[in-house]
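Order of writing sets the chain letters: A, B, C and D. Residues in each chain are counted from 1.
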Amino acid sequence: MARVVVDVMLKPEILDPQGQAVQRALPRLGFEGIADVRQGKRFELDVEGPVDDAALARIHEMAETFLANTVIEDFVVKVES
Amino acid sequence: MARVVVDVMLKPEILDPQGQAVQRALPRLGFEGIADVRQGKRFELDVEGPVDDAALARIHEMAETFLANTVIEDFVVKVES
Amino acid sequence: MTARIGVVTFPGTLDDRDALRAARIAGAEPVSLWHRDKDLHQVDAVVLAGGFSYGDYLRAGAISRFSPVMETIIEQARSGLPVLGICNGFQVLTEAHLLPGAMLRNDHLHFVCRDQKLRVENATTAWTADYEAGQEISVPLKNMDGRYVADERVLDELEAEGRVAFRYLGGNPNGSLRDIAGITNAAGNVVGLMPHPEHAVEPLVGTGRTDGLGFFTSILKKLVSA
Amino acid sequence: MTLDTVKHAGGTPDVEQPWAELGLKQDEYARIREILGRRPTGAELAMYSVMWSEHCSYKSSKVHLKQFSEKKPESDAMLVGIGENAGVVDVGQGYAVTFKVESHNHPSYIEPYQGAATGIGGIVRDILAMGARPVAVVDPLRFGAADHPDTKRVLPGVVAGIGGYGNCLGLPNIGGEVVFDSCYQGNPLVNAGCIGVMKHEDLHLAKASGPGNKVILYGARTGGDGIGGVSVLASETFDAAGKPTKRPAVQVGDPFQEKLLIECTLEIFREKLVAGIQDLGGAGLSCATSELASAGSGGMRVELDTVPLRDATLSPEEILMSESQERMCAVVEPDKVERFLAICEKWDVIATVIGEVTDGERLEIYWHGEQIVDVPPRSVAHEGPTYHRPYARPEWQDALQADDAGTLPRPGTGAELKDQVLKLVAHPNQASKAWITDQYDRFVQGNTVLAQPEDAGMIRIDEETNLGVAMATDGNGRYAKLDPYTGAQLALAEAYRNVAASGARPLAISDCLNFGSPEDPAVMWQFAEVTRGLADGCLELGTPVTGGNVSLYNQTGEVAIHPTPVVAVLGVIDDVTRRTPIAFAEEGQLLYLLGDTREEFGGSAWSEVVHGHLGGLPPRVDLAREKLLGEILISASRDGMIDAAHDLSDGGLVQAVVESCLRGGTGARLVVPDGLDAFTFLFSESAGRAVVAVPRSEELRFTDMCGARGLPATRIGVVDGTELDVQGEFGVSLDELRTAHEATVPALLA
């Protein structure tokens, strides 16, 4: 079965306290040199049938109306090889 | 600055209530043909300095000890082009 | 004659019984509405109660927003049906775009439960007419995803039109922009807020205050006099 | 691999079986063969191993737990006693209450969030299975040293997990404890309790009777969760590396699914659709089927292929052992099955008929049409091994008790007293836990009358009559280490006192007994002493033990935790409007100290905070006095003679007064009573005491009552001003006290 991934990240202008909390913790754990961290969501979809343009268009619509809230989030749809 | 992505997903055998809730909702929204959905986390790290083997090894360690709980989660480290 | 106030139960709704009780204490006839049922059973107003509908999975309110009962509510709210969204209900209203903006994880990343001071900024909505503008009230606040965000343009517009209905006092509990605790639509029939007025209607339980009763008496007066 | 059927097992007696890896002892394996008259099949071996584990069979503890039944006090309140999922007590007006405390210690160390979350999930299902609507949860917690890095990993995860799960279920969290002590490093204690309410006629028991009745599994699908978790996680000495198992040892909770399960089950109860019901917890289907069958008429037949799976590769043994959460098992008469399934469908809950009750006496399980289990269910569920483990008073006990805390240097001046008071109230163990408890919803359901930081949590259960129940949990491992027998009674006395201080009448208790390895005779002695102390104490107080939980092997290497009996006392109050809060709110009210104060500092908070010391004897226990104090507190609350009450426990009088002042936002002026020095007055931890605020108009009536009943009541001061003033010694402002008390925990964890 084909796998399609949808990555959803907060828009750059929206405060991301989760990412910040991770970033702040890193030096304490001995990890230096990370200038910024953003935390988002990754959805792995197992798609029945062919992942053609029509299927991708549907997934794009699904991401736009449901998986992401485009008021605050951006998303990217990718087919996994 | 270089970007490294760490994807953290629940191990396949671990229950993923979030992914299940999404999957169950899809048919109601008119999206058919998605056999399974898994929801995980995506961390985008902005790395200072070169992303060489040493840096990647450190990020790998960071993912293993901090970003993921390997009791229940798997992770993948990727350099974004 | 009294009014019928409907309270929606989604899978995972928690404060539906409290909202029904509050409606009853205010003198209204409480009516349970079920998420799968498109029919609103002739209610005069609807409360979307707090809780974790669908576990707040994906995003708070994101899955409930697509339920059959919401189809009817969205349609009728646009033509004037009074709707109050409390906490998870507020999240559903933003996800349904009946109210602008979005709700995000609290900036401190923890669930917060406390007695919260608010200022009623707009006392002309269907749900706030029993308060005075500027009145300070205390009601319980309890949420994980209570950080209200919207872009600057939307925020300015809300402020200019007096649509910021409630503001946090005594410390912003979740990082909401401009201390916004609740907003209204332009017509004043759809109101959403994070704190829980339905938990503040009896002196005996909760924080021991009854500051939240005004929401329910406001709507009742409006409906009965209409 | 060929399927290990009953037939196959009968013909292959010499096959090597992994009984040792599954945690069975040689003689236990031999006994299984004897019971069956052949070698067990793989599936049978799995069932026996998990059901005969320490966690499920109580094999080391049951000889001691027997005392709770043998010494049971006469009580009209008990409707259901030990042995069921949870005990049930009558609280009047046709209502019954069921409650229980359980541990989820080891899983919470490995995966703090999920471990704690599923701990809440499990105890809630226990309560639900009795036919009750869960109405509140409590969470007694113990962590390693507050400033240890691992505490920073474990505590926030545990708290978030308890909150994440409980909040999502809509159950108010109304109490608990947070204690830090380095003895819990590597072995944090995550205990969770739940209270449920029902009408008498709604009581349900876990038994499968009526041949032909259907067995329905409903709730989540079955996955590979926690396979081996029961035996590996909960029963073996925990090795830090963690044994890698093929399947996940950790269960992940889905509180949303559980919320649906609750609502669905309550609707099923309302329509009287079940003949028997059991939750699935440790040991999963193995436990549910064997216990249901064993408690019923004995026979049950299950088709394991029908179990809805999340992971199609699971073997039948794994399906039997899976600890997937959010599942229940019901026994339903055939003509009610359709309605049962319809209600499940309404709530989006998957439900499947997996078998039926038979008129035989065997539990028979089939896989692809072949029989893989054929056992007498009682032998699995109720007739597991019993150990009489050796126990002996440890040789260090005498030295520990001889190291008297009374000889520690005491503060000499008012300034030193003040300094030590500030240290005491700021110490992580005495500091405000609001940073933690504010992560729990205490208002949901709209019936919370009292919640943290009050002495007891209190829930209204009838809106018309204002009938309510109260609960407090307590346990002091330091006291129990010094003297386990007395320590257990002090835990009981403190929880009892807390409930009485809130105005409720204590009725019954549940307990969670957390100890090190039972294979260590010293630990076993502690366990024997604690159970003896608790049983004797309950007999004297008239509060039966309705059930509880034992958690053993809380130890790393040779080092065991302090013996930590956690006691939950349940009380009833006829009218919650008469509750007593802890806050000193009215200036001018008189403060009375009830009970006797002696020089008792062994195991005290003062000895820990100021001297880092643990030694001597714990405070003396006088249960008759506790009972009298309770009666006075309850009468005074009912008759409106007091406006506030706070029990005295760790930290002594000064800790209680500071908490009551901060809660009410008022100060207090105290006078050291004749015959006491200021230090003993402030810091002693003598049991059987409380401080109350009495309106001046009630003073005479109140002191007359105390006098007539023989309870010492000493006027120690007045509610007044904005500082705590101990006359002739020192004064300290409320602001300074508040900062000291409230800043500690956020600074450690935020």
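Basically, a contact is a pair of C-beta atoms (placed from the backbone, for glycine too) under 8 Å apart; a residue touches a chain by one contact, two chains touch by 3 or more.
Chain labels with UniProt names: A, B = Phosphoribosylformylglycinamidine synthase subunit PurS; C = Phosphoribosylformylglycinamidine synthase subunit PurQ; D = Phosphoribosylformylglycinamidine synthase subunit PurL.
Values in this document were obtained by computation on a predicted structure and should not be read as measured data.
For chain pairs C-D and A-C, the one joined by more C-beta pairs in contact is C-D. The distance from the centre of subunit B to the centre of subunit D, each centre being the mean of the chain's C-alpha atoms, comes to 36 Å. Centre-to-centre separation between subunit A and subunit C, using Cα means, comes to 30 Å.
Measuring from the averaged C-alpha position of subunit A to that of subunit D gives a distance of 41 Å.
Those residues of subunit D in touch with two or more other chains are numbered 254, 256-257, 348.
For subunit B, residues that reach two or more other chains under the stated contact definition are 17, 21-22, 25, 29, 39. Among the residues of subunit C, those in touch with two or more other chains are 54-55, 57-58, 66, 108. With chains as nodes and touching pairs as edges, the resulting graph is of another kind, matching none of line, ring, star or complete. For subunit B in complex with subunit C, the touching residues are 17-18, 21-22, 25, 28-29, 39. Contacts from subunit D toward subunit C in the complex involve residues 160, 163-164, 167-170, 254-257, 259-260, 347-348, 437-449, 460, 463, 466, 576-577, 750.
Residues of subunit B that touch subunit A in their complex: 1, 7-9, 19, 22, 25-26, 29, 31, 33-49, 55, 58, 61-62, 65-67. Of all the residues in subunit B, the ones that touch subunit D in their complex are 10-11, 13-17, 20-21, 24, 69, 71-72.
Of all residues in subunit C, only 58-59, 62, 66, 94-95, 100-102, 104-109, 149-151, 175 touch subunit A in the complex they form.
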